[in-house]
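Order of writing sets the chain letters: A, B, C and D. Residues in each chain are counted from 1.
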Amino acid sequence: MKIKTLLSLFLVVILVFALAACGGQTAEEEGTDEPATLTVVNWKDYGSDNADFVAAFEAENNCKIVHVYMSSEEELLTKLKTAKDGDIDVCLPNCTILPSAINDGLLLELDTTKLTNFDSLYDRFKVQEESFKDGKMYSVPWVWGSTAIAYNTDEIAAPPSSVSILFDPEYAGKIAIRDDFNDAVMLAAIVLGQDPNNPSDLDAIKAKLIEQKPLNKTYWKTGDEFSKLFAGNQVAVGLMWSGQAAFMKQDGQPIGFVVPEDGAIGWVDTWGIAKGSQNPDLAYKFIDAVISEEFQYDWASTGGPAPVNKDAGEQIDPVYAASCGMDEESLNRLYFMQYRTDDVKKAWNELWTEVKAN
Amino acid sequence: MANIKLENLTKRFGENTVVDRVNIEIPNGTLVSILGPSGCGKTTLLRMIAGFETPDEGSIFFDQDSVVNVPANKRNIGMVFQSYALFPHMTVEENVAYGLQQRKLSKEEIDARVKQVIDTVHMKEFQKRKPKQLSGGQQQRVALARALAISPRLLLLDECLSALDKKLRVEMQTELRKILEESKVTTFFVTHDQEEAMTLSDFIVVMNKGIIEQMGTPLEVYEKPKNKFVASFLGKANFFQSEDGTSFAVRPEKIHLSAEEQAGARQEGVITFITYSGNITSYTIECDGEAVLCEKQNVQIRENLKKGQKVFLRWDKDSEIELADE
Amino acid sequence: MKKKKKLLTFPSIIVLTVFAILPLIIMLVYSFQSDSGSSGVTLENYTNFFLKSVYLKLTYRTIINSLAVTIISLIISYPLAYFMAKKFKGLKNIVMILILIPFFTNQLVRVYSWLIFLQDGGVLNSFLQSVGLIEGSLGILFTQGAVVIGLVHAFFPYMVITIYLALERVDNSLLEASSSLGASKVRTFFQVVLPLSMPGVVTGIMIVFVPCLGTFVEPRILGGVNGTVIGTVIEDQFFEIYGWNFGAAIAFVLFAMVIISMTGLSRIGRRYDNE
Amino acid sequence: MRKYFTDQLIPTVYALMALAFLYTPIIVLMVMGFNESRYNTLPFSFSLEWYSALAKNEVLINAAINSFVLALITALICVVLATMFVLGMKTLSRSMEGLFRSLIMMPMSIPWLILALSMLLFIRFLDLDKNMFFVVAGHVVISLPYAMLSLQARIQALDPALEEMSASLGASALSTFRRITVPALAPAIVAGGFLAFMISFDNFAISYFLIPAGTSTLPIEIQSSIKFGFTPEINAISTVIIGVSLLCLAIVGLIMGSSIENMIGGKKK
């Protein structure tokens, strides 16, 4: 019968896939003799997936590194929350979500004595507030950077001294701030003289952002968008990450980067080990490797963000460091993004939605 | 080829009984027309014989074998649909060969049989064409050839001529009859066209509302219709009441007209309408407020009857057809 | 026989039920939960959506955008489908393939290519300047116009396909019959061809309008500061804040709107569907 | 003359204009793959550096191959499911048919992001591991409506008498299906498979949330690159994909051209 044949065909197809799926798994399970696999959640093209580094680490530790890419900080939380034991070994939460991850018990408590390079960190990163809960440490800072002013050096000769340049009608149509509620609110707070991490008057911030809105060419969402618009001379000044600005500069773009006197937004990315990791020892080795002097120097000097490793930081050419906001002075001007509760995030997000819908 | 016997065949669609306890027995090699208005159940009957519908009750026998549980593709039945249903992606040849290929015959056997059947329907020069490149009549022949190629035990033709124009239809009727006589296959022919039914068949089954009203040879059914429905559906008829209250029918051509009063005149009336159509002339006569139709062969040119004229109607007692009570 | 044939629909239905309906029920449950973590059933996500003018405003903007995209797609697609079905002979397969080929590229990459093409000083701008059509900058990128262009580009080929398939079923002999009855070509078109192709048009409208409502990539990238639509709000709820409950609620409101408009549309379609 | 105008010239010009619109971004992206600038800026300066970079980029090439295989499997399953569905659909009552059809079409009206997250939650709810089976299932769910659309249109045009006729000629149900139904539906099956392939090939959300670690697809690679910017290697691989698919279609067209034409052309009287 036709029907029977089709039905059985369908069943066969389903079965084949089920088997293939199971087959894939059993292969993994059987592979206990095979090198262990370390699953790393990070941004794509963000240091740890550098092919040379991965190859060297794999060879040295007889293991395999698998990268899973995240598409936003919150989405990393989703990944951690929906992961099964062993799905994820190490991940890169930043300080805004770190306490959420720690409070939900998604990260393992760390023993820094297992990290030979921990002592080389700048002191301030050894005691990064968000990494701790009840005196226990759950993550190790890796890199830091700023979201500050990137400008076209052909059009703007002197480094802007204030973030208020992003509110300056003189540059109307040549400005691009980021489509991100956190950056937007903090930026407006800096201009208004409020505490960027605890703004007192959200209504004023909203009004300020609405006032600023028509000055923008666009709100950029991805680094790709910004770099293309900048290179295409569509945007002359905007909010940008220090790392990407450095990279673009090295690539020959006429881009200048400055943390202005009134400050800008700072961030710290940290490594944590996921609860349920099957290879915690390997995870420690991995973290130790990426906070090593060698790794940190290599990356920071080739367009990466700023190092947390003091030995690495001191090797970097001070002129270069200053040009991409890695210097001490810039560091001291930054308002580092802090953890925000869900309610705060929700309020800020809604504020930003209202600005955009205005 | 086979004797076909239908016993108590019944089919219901929901509340509707579309075929109601039908009994027919057909000897080998007969050409049977199933005649009836649309919606009378004739197509459903045919589809049950073909195996596309399962009867709710009753049985179908090919010779001694009950086929109710035999699927359509095992019944060895040739079919021709009104739409012909030629396979559009196959050539004439391939269409005809299709049924033979299902029978796992050798290529030589198939080729020989295809050639033979295509010759029979005079389609040799078109055998490489696709259906859409053929005219309606040609498609019809291919459909017939395809059905005949498998040497079916039974051939079912479903309104297969009605898509053709009148002239072509008459031609095809004759040709069909010839082909069927040669192949001696038992044939069921479904139609709503009484003329076609009479021209083609050995036997006519008149259906109405799911039941068989009457069956018999064309002569029997025409000359001796059992009831008003059959009488009026097959040919034309005038209906009268006799004094004892029974009703009877008289065919228009059996009525004699005369201008003068004569012995045995049964009715008198006034001519209200005359139609001349070459071989016959028809008169509509108003008798006691009833229209009576009367047809005359134009054996010689007559002219004497005019519109508005008073005429007398006469017919033989033999021409009166007794009708069963409704 | 009929009963058995019915079984043929089951594999699809089972796949849909197991891999779409059941999972979505979980999401539906989310939409009725408070994000504060308490487990009770609440309507607050829905009331929040309907009581805040900003969401209604964005919904309105989304609908207007989607309508514009649908209408423009229809204007482009119908004649093209008509020409393919009725005028091109051997060419139609080639045209069909050419219409589908661009979809082998990634949606994001296509959108970024529009960005490059439409930007001031970009290809289009330079071209128009050099032929003297405009002076200065074009200013079309980062407007609703650019969003509509991007969305029409992304969706109109599907409409071409559905309309083409419907038109192909319209028998040419009907057109001949109509003109033999003395109808002009225009009249034949409006009284015969158009009604008979309506099912395809209705499907085409659905296949463009419905996904347009939930889209976020094109508006975000091409729409500039005013590129916020309901789709981007949903995206933000899931990616920027842990707002699954509210995000799910918006998605289901959107879904309800889709159901309503689809029911209305299929009524229209059924009126023309004589089979 | 007038006939030439309405039957040839206007349709051709119109089709060319529509195709020009359709190919605008495609040509831009192809050209930019040969441009030296990483940021797609003008003036154009010819370079093959992105192609040579692509040739060494195993990650991207593997991801593209994964996408291709995934889309192929999805398209095959969709075509089988959709064909079965439309064949069975004819026997359903009108209201059931409507219900079933809207069920199949539903994934078109839910943002795929939400569908993908729902499936992820569902898998976790059942305490199962992410695996390729679920990725394929998710792709089938979202691609099925598109395959269905083209098949539905065709099945309505399919004369049921053809199948009955085939049975009366002694063909088994399978033989009828193979020799009559499939050829009659073939253009729609091909078109439906093609659509399903495209939807799957370009899908990000479902793959992203359901795919097991260590496996990637082209859309995942592109979406993940975008945070810091993708290089014109992406343009290069897109160009290669378009080129390869055009080449395949041209070859298929040359070999099967006449038979496809016959299948399609054979439908109408």
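Annotations
Just so it is clear, a contact is a pair of C-beta atoms (placed from the backbone, for glycine too) under 8 Å apart; a residue touches a chain by one contact, two chains touch by 3 or more.
Fair warning: this is a prediction, and the values are worked out from it, not measured in the lab.
Considering every other chain in turn, the ones in contact with both chain A and chain D prove to be C.
Among the other chains, the CA centroid farthest from that of chain A is the one of B. Per-chain Cα centroids separate chain B from chain C by 54 Å. For the pair chain C and chain D, the distance between mean C-alpha positions equals 16 Å. The distance from the centre of chain B to the centre of chain D, with each centre set as the mean of the Cα atoms, comes to 52 Å.
Averaging Cα coordinates per chain places chain A and chain B 85 Å apart. Touching two or more other chains at once are residues 40, 42, 81, 84, 117, 121, 134, 173, 176, 223, 226, 230, 267-269 of chain D. Multi-chain contact residues of chain B, defined as those touching 2 or more other chains: none present. Counting partner chains per residue, chain A shows two or more touched chains at residues 1, 3, 6, 10, 71, 78, 224-225, 228, 232.
Working note: touching chain pairs come out as A-C, A-D, B-D, C-D.
Residues of chain D that touch chain C in their complex: 7-8, 10-11, 14-15, 18-19, 21-26, 28-29, 32, 40, 42, 81-82, 84-85, 87-92, 98, 100, 102-111, 113-115, 117-119, 121-122, 125, 134, 137-138, 140-141, 144, 146, 149-150, 153-154, 156-157, 188, 191, 194-195, 198, 201-202, 204, 218-219, 222-223, 226, 230, 234-235, 238, 241-242, 245-246, 249, 253, 260-261, 264, 267-269. Note for the complex: chain A touches chain D at residues 1-3, 5-6, 9-10, 13, 17-18, 20-22, 24-25, 37, 39, 43-46, 66, 68-69, 71, 78, 82, 84, 87-88, 222-225, 227-228, 230-232, 243-244, 247, 251, 253.
For chain D in complex with chain A, the touching residues are 37-42, 73, 76-77, 80-81, 84, 117, 120-121, 124, 127, 129-134, 136, 173-174, 176-177, 208, 212-214, 220-221, 223-230. On the side of chain B, the complex with chain D involves touching residues 50-52, 71-79, 81, 83, 85, 87-89, 98-99, 102-103, 130-132, 146-147, 150, 156.
Only residues 4-5, 7-8, 11, 35, 52, 54, 57-58, 61, 112, 115-116, 119-122, 142, 220-221, 224-228, 233, 236-243 of chain C touch chain A when the two sit together in their complex.
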